[in-house]
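Shared chain: subunit A. Partners: subunit B in the first complex, subunit C in the second.
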Partner chain A sequence: MSRWRAGLQQLRQYPSAVAGAGIILLLVGVSIYSVVAIPYSQALDLWRGGDMWQDHPVNAGPVWADRLAGGAAPRTQTVRADDERVQTEALPGARRIGMPLTFHYDADDFPSELNVFLRADVHDSEAFVRLTWVTPDEREIPLVSRRVSGDQRVSLSQDLDLERRLQAVPHIALMSEAPADADDAPPRVLTGDYELRLDAILFHPEDSLDAELIVYGRVHGLAGTDHQRRDLMVALLWGTPIALAFGLLAAVGTTVTTLVIAAVGVWYRGVVDAVIQRLTEVNMILPLLPILVMVGTLYSTSIWVMLGVVILLGIFSAGIKMYRAMLLPIREAPYIEAAKAYGASNARIILRYMIPRILPVLIPTFVTLIPTFVFLEASLALLGLGDPELPTWGKVLNDAQTQSALYHGFYYWVLSPAGLLMLTGLGFAMFGFALDRVFNPRLRNL
Partner chain B sequence: MSEDAPLHVNDLHTWFELRQWGFLRVGSVRAVDGVSFALARGEAVAFVGESGCGKSSLARTLLGLHRPSHGDVVFEGESLATLSDAGLRDYRARVGYVQQDPFGALPPFMDVRRILAEPLIVNGVRSRAERERRIRAVLDEVRLGPAEDILAKFPHMLSGGQQQRVVIARALVLEPTLMIADEPVSMLDASVRVEILNLLRRIQQERNLTLAFITHDLSTVRHYAERIFVMYAGRVIEQAPVDDLLDEPQHPYSRALLAALADPDAANARQQRAVPGGEPPSLLSPPAGCRFHPRCPYAMAGTCDVDDPPQFEPRPRHYSACWLHR
Partner chain C sequence: MSAPDAASGSTARAARARRAWLRDLRQVALFTGKRLLALFVTVLVGVYLTIVIANMGGQVDDLRLAQIEATIGEEVRADPGFFDLPSEERNEIIERRVQMEVERLRLDEPFIMRSFDYLQQAIRLDLGRAEQMHSDAGSRQVSMIILERLPATLLLFGTANLLVFVVSVFVALVLSRRYGSPGDRAVIALAPSSAAPGWFYGIFLILVFAFVFPILPDGGMVEVPPPEGTFAYWLSVLEHMTLPLLAMFISTIFISIYSWRTFFLIHSSEDYVEMARAKGLPERLIERRYILRPTLPPIITSFLLMLIGLWSGAIILEQVFNWPGLGTLLFEAIGYRDTPVIIGGVVIFAYLLAVTVFLLDLLYAVLDPRVRVGSGE
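The block that comes next holds the complex of A and B.
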């Protein structure tokens, strides 16, 4: 309809509308990208899986924050043995393998953790493995000796025995300069080429051994990781479509039903209207959040159940009163009487004659309503009523809250989901307010 | 009364019940209170009277928008009181309605094509081509053109006169045999009033429509109607052919109404008019006897305030409900 087209033309003159529309389009773009690039099942795996996180550092900050600070924080390095340097020596009834894992370290800070992953494919008896750490200044530090079969993780950072021997946390002690005379000076990073020497004895000709050293950094990806080594990017990306879908569905569900019910009440008046009004008044004093908490605690915290409850409780909301006030004068408009006079049915009058009249005023309200529901979903998640499966912004905030992220200084963990939430609110609000200016006749000339 | 008459109204009452707390009856507003007349095919009549005399309620009852509380409307042999809901809708389609406020009468969010198509859609004209044909025909009839231009416009883009032509076109598009025009020109500029009235008159004659005007503008009635009904407090108090009533009003109320007309003559500038004081009576509890007696300069105590006057015929085909004619 040309009225809508004219309205859209007019919208372009509002910078806030253009900026708001830009933000909304960006969020929609991110949503589409996330859903296409990380399919649902893969996203669930990435968020709830386990194995794929083990090469991520714990609570690592985002790379961009490190760039801003100078960019010297260590990155995660995965070190594998160089096949050409593996030495094999035959022994009676066994085989000795010398496997050097070398890497260059030049960051300013210590790594956050050191782990060795061993995979021994053995037949008769377990392989015997001995690990030795060689620093750039040629100090040789024996680490552990153990028997290995199958997959095994050697967590150097959490080896208490080693810690006692080195008198410091292993990943700091192993990577620092030789202690000077003044003992109380803080340890300093020693840069250069390190080597983890792995000596193994295998007892069967077909046995094989593979090893991997992970030197965990202190930054990871664009969003960092959480306490479970999960990449927060998954939650931030997938949180977008979920937040938008929840906000949009809840806003559509509540406004459309509320509007139709208000119109039905206004049109039929009498008992129908009275029942609708009384239901609304009762519903208006029912507190939404405690009911949602109850449903979440007693029944299910699935996001779709929550959406249903939000819409159900939103049907007879205060909006009914507002729409009723707007529709009452329209009910008496001469064109409605004319429509009755040429035989239009009740349903037609409500849907085609009354509702379209207030739609232009309604759309801005509708647009500004979307972020309200996005925030509601985040609040629920923050209260621990988030969807148990899906990664959402609220869940990230909830994890940050329970892990005392701000206390530990993990600002990125709180700021990135909060920033996205605010961006969503800002985009829809700017667009909605501009729409209001264009479509709400009372504001047009102000 | 003529046998040919397609519209008979017999002792029609339209009362609106007032209720307290939604169910306690506390009284009724007697908007139309005992009206009888018959309209012949192709006849144009005017209902005149002050605001609140029941003209518009009568019109709405004739349109089938209000159910009569008592009495009946018989249109082309069908009684309104016995029609089913579906029958009522069908009946409404056969009565055209032209409203007072042309802008309010047009839904602001529909273009003219849609506005004119709506009655056809509602009444089951499914073919788009058929609708388009009838819309163009009726636009041509109300002299609105060029059709291409007008059909795509929204009501706010049209002038008051054009809007009223669209309203008339909408009333005509279902090809009614009875048309009710509720003060069709009172909201229009003086310059376009005559045009619209002439248009209505011409269409009425070309289509041989029965046309009921509702107006309080007595000055234009003479040229656009054949008979006049003067209404007061829900009743028809005088009815007569138009010239007869305007030249020789019989009822004291009609005389007062005519005396209040502006007469474009300089000699009358200082003339004091004998306009009855007081206000129209409450329709909730109308006065006993003649409804006009509290304001009537000729009221006869013991008669006018006790007995309801019947319709007398002081002159041929000129009926007046006043005890003076006894």
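The block that comes next holds the complex of A and C.
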């Protein structure tokens, strides 16, 4: 044990080892936080997407990136009616409600979308709702009128009639300064207090109406959102434990099995060794990634199936040759003979006497192997073979790739998962390299 | 040999040398033959495994059968020529066509039979006809489809590998001489950057050089339409190759320099090198004869092992850069579930790996004296 402690002591002298260990600890911390803060089933639900994200903007960048660049891009505003300002007027057999939804807008860019969510609890006949837009400079623009029952979404931005009438995309036309005559200049944002006036007629005394205007921003949260309005933070957070688990399990699975098999071959020699050697040679010409891609398309893209295949194909990896070379001299060492003399079983000699001898040499390889598998998972996801349910970094990259994020200028979408991948890779690689120098005596002075 | 005739002595020596040379040659040939045989068996097993996996042990056939039935049913129902027929007759036509298709694809035979057939054909590189895909020239021969893509892959990965190999060995030699210098430290510090694969850097390079500063194309192999004239054509290819090459170069160069430098450093502290230094031999000579020569076999090994690793990585890099090579082909084939092309692609990959391993063995036989005297394994 003292040898290990001495090794750790030595490690502290390498700044890269300290930095690497720091990054690894940070990632482990993020993993624990994500798993605790967003339980597994909830994470899956969130990532499946759907209505729960309807108050999030599409493809919004992170807030901090915009603010750092000195921008004042709009955040999403959810506007509800102020109860005190709701006017009710009784009519014969009906009720008229005037509901102003007011908000202050001071961003330097147009919102990305405008949606009104209506909820009418009606009893006999549908409620009738008319929407009017009032700009800060007192222009009144009639929007739409419609009958409402139950939940209804009025997508102002996708309203083609309105777009034709305004001669521009609604969320731009409604929020811009009054166009000057004969002016081809691009529309400018008009800041100030806006009002969406809702005039509704309800036909039953117990009917009620609720409305919500969402002025979708162009920035959202720390990570931004994707094309399905999902907050990328979910995937970035949950991607961490998945990446670490995959990398760790794959690394453990392949190195431990490979090591044991190499030791078994060296110990028994003869036929066993020959079979292991030939299998390794067969395995060497099996192309790992094409086979993984094949398994992914034909069987299942579940991350655990992939993990299984990676480990299976990794058992007889080229590493066996290296371990064999290291184990061969150990086999003849006097202490093994001593063990044989006191009657140690074959399993005991292999597991307790041979393998521990080369473990120190193995640990650095093991640590540097982890990011390889993390990137392997990302690679598969990038090819569209990511796990169908789990949010992973690779899947975010794949979404970005298929949605041409770079072409559209959504750099955050690519940079944040890529940055995390890089961080993971660097952390483990730096730590592993330092370990290598400490545990491999030949490298110690270099 | 007390009073030897000078002439007969020299002929005897020459004969002895020739005998030794012949013996060496025989040993190398024997070794090569043995390895070739072993590799052939290896390829056989590997390819068979691939075929079994590609067919999911026969389950893919059910999938394909369902697909055939669906497409043929659709075809017949959409054909105006069959609109007037009663439904029984139409179903009969559908059934007959399905039967024909099944026979064409030989789905009526048990998988085991077909698997050996596939194996035998694959080994002879008679890769059969594609089911859905065709080459750009319109051929449905799998070998034609693959042949069309192979040069693109070889061009990109061959260039990248050679570049990385030559640059890293050269730089490593220089660094090992100036061990501890700022350049040396920089390489050590940068080595962990190789944890990320080439495609990863590829994304960043595309971002920077194709979108932020649009000076290079973001994918493909030549401009569309291809420029007239050979020179313009190759210039365009070179332009498209720059980013993928750079991506692979960045992702492997530092680790490669680092490991070579460490390797050379370890070997330059061997006793015989110290001895050479003590004798006062010039540094160049020491480098060439005392460091490079004995380390040549491991250098070659690692170069070829790197090749093996890169074959696999090709798929994704090609995908990211839309490079029309083998990797992209394999991926497309999997999308179409075109079993012959998948098997063909994997077989070619297996062969490329086998050829690499064989080259390795051969070079070893030439470089390592132990193989020549027959004591090597």
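Convention: the second predicted complex is superposed on the first by the 443 of 446 C-alpha atoms of A that agree within 3 Å, B and C clash if a C-alpha of one lies under 4 Å from a C-alpha of the other, contacts with A are read in each partner's own complex, and residues count from 1 in each chain.
Simple rule for what comes next: a contact is a pair of C-beta atoms (placed from the backbone, for glycine too) under 8 Å apart; a residue touches a chain by one contact, two chains touch by 3 or more.
Model, not experiment: these values are computed from the prediction.
Room for both subunit B and subunit C is found when the two structures are superposed via subunit A, with no clash between them.
Using the contact criterion defined above for the overlaid structures, shared-chain residue A:Pro334 touches subunit B, although it does not reach subunit C.
In the superposition on chain A, A:Gly270 makes contact with subunit B only, not with subunit C.
Once the two complexes are laid over each other on the shared chain, residue contacts for A:Thr372 go to subunit C alone; subunit B is not touched. Residue contacts after overlaying the shared chain place A:Val134 against neither subunit B nor subunit C.
Of the two partner chains placed around the shared chain by superposition, subunit B is the only one that A:Arg348 touches, whereas subunit C remains out of contact.
Looking at the shared chain after the overlay, A:Arg357 reaches subunit B, while subunit C stays out of its contact range. Taking every C-alpha atom of subunit B against every C-alpha atom of subunit C, the smallest gap after superposition is 11 Å. In the superposition on chain A, no subunit A position is in contact with subunit B in one complex as well as with subunit C in the other. Interface residues of subunit A, counted against subunit C in their complex, comprise 16, 20, 278, 281-291, 293-295, 297-299, 318, 368, 371-372, 375, 378-379, 382-383, 397, 401, 406-407, 409, 411, 414-415, 418, 421-422, 425-426, 428-430, 432-433, 442-443, 446. For subunit C in complex with subunit A, the residues that touch the partner chain are 38-39, 41-43, 45-46, 49-50, 53-54, 56, 60, 179, 188-189, 191-197, 199-200, 203-204, 206-207, 210-211, 218, 262, 265-266, 305, 308, 311-313, 315-316, 319-320, 330-331, 334-335, 337, 342, 345-346, 349-350, 353-354, 357. Considering their complex, residues 22, 60, 63-65, 89-90, 92-93, 95, 97, 99-101, 104-109, 111, 118-119, 122-123, 152, 154, 167, 170, 174 of subunit B touch subunit A. Within the complex formed with subunit B, the residues of subunit A that make contact are 1-3, 270-271, 274, 333-335, 337-345, 348, 353, 356-357, 359.
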